[in-house]
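Both of the next two complexes hold chain A, though its partner changes from chain B to chain C.
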Partner chain A sequence: MKNLALRLVIVATTALLPLTGIVYAQESHIGNLTGHAKTGKELYGRFCVGCHGPRGDANGENAPYIDPKPRDFTAGTFKCRSTPTGSLPTDQDLYNAIDRGFNTTAMPSWDPLTPQTRADLVAYIKTFSPRFAKEKPDPPINIPSEPPVDIASIKRGSELFQKLECWKCHGQEGRGDGPSAATLTDSKDQPIHPYDFSSGSRFKCGETNADLYRIFMTGLDGTPMPSFADNVKPNEAWDLVHFLRTLQVGRPSPENNVLKAAGGRSILAPATEQQPPAAAPEKKGSGGN
Partner chain B sequence: MRKSKFCLAAASILLPSLLFAGDLTGKVTVEGTVPKPKVIDMSKEPACAKSYSTPPTTETVVTGPSNALQNVVVYVSQGANDASAPPPAATTLDQKGCRYRPHVVALKVNQELKIANDDPTSHNIHPLAKTNREWNKSQPPGSPPITAKFDQEEFIPVKCNVHPWMHSNFAVLKTGHFDVSKEDGAFTLKDLPPGKYTITAWHESLGTQTQDVTVGAGATKPITFVFKGK
Partner chain C sequence: MPALVLVFVLVVLGNIEPAHAIPAFARKYGLPCSACHEAWPKLNNFGQVFKDNGYQLGNDRDAPIYQQPSYWPIAFRITPNWHREHDSALPNDQSPTGVSGVSTQGFDLSGMDILAGGTLHKNITFLLVPSADNQGSFHFEAAWVRFDNLLKSRWLNVKFGKFELDNVISEKRILTLSQNGGLYQAYHYLPFVDPTQTGSLVLPAGAPGEIGVRSTAFGLGDNQLGLEVSGHSRNSYTRYSAALLSSTDGDVGLPTSRGYDTYLTFSQAFNAGSLGLQRGGAFAYFGQSPTRFLTQSGNIVPGTGFGNRNFYRVGVYGLIYFKKLDFMPMFTHAGEDARLTLGFPSDGILPTGIHNPTWNGTMVEAHYTATPQFIVVGRYENIRISQQLFTASPTDLGNLNSYTIGYRYYPFMTSRAGFAIHNEYSRVRSVRTSSLATNETTDSVFIGMDFIF
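For the complex of A and B:
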């Protein structure tokens, strides 16, 4: 009899063990939607596992053929956030990422899925990193309303572009060909390219001016793109947004119209003097590009 | 009355250990062949390149006279029991000549680290943390120091993405008893009460070593760590 009681205890404990996992299993909250990890798990197995892998560690069977690599959810580090650098993203941030997809990568927009499906996926994705059970995301950064686009703002933005040395990676014309561009790697030591503004393509983290503001204020965690929040005031950030839009030369925008009307690029801050090609230690053939 | 008795008891336990607390000194050396420092090509950052009369070299392994090994984090990994003690005062990291000064920073969990940029160029500070938060902040010339804290024990590689040769390491430790070996390989672990300790020495590319040490009431014999090259 005693033996039976002991057995019961053991059976009960074994049955309860997975429950500890369920305690950590997360819900997601996006507006009125509540996502459930349990449903999300099945959906993940259908839509996401091929690239992100069964363990969410970016080792899906397609992963070796993909560049840039899929996101490793176990690290709990995400590019597109509304929260400061180092913080977890909000549920809404993850939802937006699934909704939007990542331009210039293998990650498509999952817009065809229902909002509930996407919310369930968010809940399941959060179970891969223990961070989501231990921490809460910091409050999203505040984005004040955008001041009007005028030439003075664009000009101040061009000065900031020099002062903050954005060109070190993005290049003086924003073509993603700055002096440091070739050596950039992400936090998993994979080569990574700075955004080429001249392509005019959608940013990975959205396409509006507010998205652009958010990108350089939060930084893209896990990549070389740092946060500038400590050094750029809100009004300066809008100036920088207005200037950056003019680097998307072929993309019709109010910024490009204003700059054209004011006489074009020559009125902007001159490029910081780049060094003459170093004479001494440069090896043969390593000049040019 | 009871309180004062308790205080007395506490004092009689604590006082001798504080009174007899001593310093544990030692030296770190390396045997065998270690990679030679390589010249860093800073031509893409003239502002930094021109601050060197002789070309700067990499600091992956830095040796001194008589095989001394620099930049080794030596700390009490067991026996200190000071995890709940308040962290030491803030420590600093400078970015100067597009290098980190010091190359390796040891700090206690939640100790403040002030990161300054003394260069006329922008840096970004990017601790590639796995247990702690990974963050990445830009620091243009003339901006105020960044204050950082790490709340988990971890050895964190740190880099500046703009200047790919810039590497540092933050050794975030549970103990306040630590030191980083100097040019002559010397280190001092201060104020260790008599007792048994495990001392760990960590080097960014040569690995980790441990030693058990008993600290008595008198002066403790200096200890030595010998790392092996390849």
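For the complex of A and C:
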């Protein structure tokens, strides 16, 4: 009898486990804030529905007129994460994305909204994808302390830029005009443009060196930009960060100062001869911003 | 009699100034009205930040070079309506006492605003608002250029032209539209001149060719001509502005004098968790207006006013949120030189028993935003004279109470156009101001189809 009761408890607990996931997905937790999907639903209708659509599937009334397309929340795939590629983002990641907005897209910074409002929106956005009820995000990647900027680091970064063939999409001068650039699409077959470093504008997923480090170690899921976490060691990643900053030629930065003092761009690794345009990459994400 | 009623109606509705809400911005950015407006035209903090940033989202796509060449930043707003007006003491020749209660009602139109606004270039913003009264007579309600983020700082923006003063409690974004309710009394109140006391008042003769006259009927809600320096924090929690304005109450053509007014305002907001954003602020307007003009053949020569006398308006206000319920309390104090009130030449010696009038205003406006598509509005406002112009006048002469209640229902909420079904009732009661020195009450009932595209 005792065993039967125990089994019933186990069965009931097992049956209820998915529900705990649903409950978790109805909330968001950002620091001391707890966001509630119920409140977030109304806020979503006020602020987000025009682009992301009532079902969160990126089919809002404005979606046809927006480039790049809005994020399809139902796919549960997000560009800007602190978690490894393939993982769900943390609540903080989604909160940061709402807070920061996505530069050069139709997604503004919603920083003027109160933190509670943004937390409620995060909770509601998570209800669109069943992934949030079934999975938990992986732990955020570790970002080691940034080493000092020096010319040796920039040179190594320059060599990595050639070795990893970043130039194929971003172009040798980082203008977003590499031979593959025109062929890139996301997983929804929407054209997508590589970041133009020469513009000096903010990155979509942040603006600090640590943000840039995170971008190529986590990848931008849903886009052709892969994660380099398996190919690049942390110190190499920082070298790449330092070099990429020098591609933002008009932007004052320690990296540009160091490069200028060392004699300028001519001392860096010679550019790989550009190849004819490659076919569109096979890896695709969910697209949108 | 019909002619009188017609004049009454025209006067009533000619004064309604449509408020600002600009679908041209919504179309440009693909955001619904509700992104920037609690319920349009009332701004939320996101809209306030957008406005403070010079109608820019800051996503490196604000400059017009990124827009479709066919994009044209134009919107217009008008409100076909039915309304009923009642005045308890309207002067008329047919009444044995000279005044009687008069009502009128019918279908009508409001004035119309054409709103063109946006960016000329990154960090150079403009707004142009040709505005017509309900007879189709146009004027420029607003026309300004703003240089944003000077020295790469949000704290330094310069606006030049004709613009609304930086009133967080904005009359241009008021949620009530009727004759009585379509304005904040505290922004427009002017002291009542007791007719029983003016009989013995003898205006001194001016120098040859000069006459004394009050030159402006100032309104804090009126757009003014001048230059404004303003700034704000990243999320506009902290805001300030300082403006130097021509002393013309926004009238073009330099009609009065060469004087300048000053307007200062500051506000600070803080986050109160789930209750929402709370804001408190203060403002001060120091103005002057001429009391004498040069004349030619007995007519005023525009721009030659002199003998300026001072007036002022100061106040504090709050935006207090309890989730969907919010309150806008405002307390004001105002005063002006008695010579302005009387149109008394500045070099004349005022008879004894005359003082510079001062008055205080209290207002509380409440909103319940049930959804972004339905908002209920209620407002109570009073004006209390703290110093009468004439010592002999009753202490409550000119006191005023105003009550307004209404709702707006927005059947749809898109980024293309705005439409609201608007119902409102408003009453204003002023003490001893009828020509019989009795209290006067005016009532407005307003049903409007408020649309903007």
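Simple rule for what comes next: the second predicted complex is superposed on the first by the 249 of 289 C-alpha atoms of A that agree within 3 Å, B and C clash if a C-alpha of one lies under 4 Å from a C-alpha of the other, contacts with A are read in each partner's own complex, and residues count from 1 in each chain.
Throughout what follows, a contact is a pair of C-beta atoms (placed from the backbone, for glycine too) under 8 Å apart; a residue touches a chain by one contact, two chains touch by 3 or more.
These numbers were taken from a predicted model, which means no experiment stands behind them.
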{"item": "First, second, both or neither for A:Phe102, with chain B first and chain C second", "value": "second"}
{"item": "Which of chain B and chain C A:Asp150 touches, first, second, both or neither", "value": "neither"}
{"item": "Touched partner set for A:Glu42, first chain B, second chain C, both or neither", "value": "second"}
{"item": "Contacts of A:Glu207 with chain B and chain C, given as first, second, both or neither", "value": "neither"}
{"item": "Touching partner for A:Asp67 - first (chain B), second (chain C), both, neither", "value": "neither"}
{"item": "Which of chain B and chain C A:Leu184 touches, first, second, both or neither", "value": "first"}
{"item": "First (chain B), second (chain C), both or neither touched by A:Ala75", "value": "first"}
{"item": "Partner chain A, residues of chain B touching it in the complex", "value": "39, 41, 43-46, 49, 55, 121-122, 124-126, 128, 130, 133-140, 143, 146, 161-164"}
{"item": "Interface residues, chain A side, partner chain B - complex", "value": "75, 77, 85-87, 163-165, 168-169, 179-180, 183-185, 187, 219, 221-231, 275, 278, 280-282"}
{"item": "Of chain C, residues touching chain A in the complex", "value": "29-32, 34-35, 45-46, 48-49, 57-61, 234-236, 271, 273-274, 276-277, 371-372, 413-415"}
{"item": "Chain C partner contacts - residues on chain A that touch it in the complex", "value": "42, 45-47, 49-51, 61-62, 65-66, 101-116, 199, 201-202"}
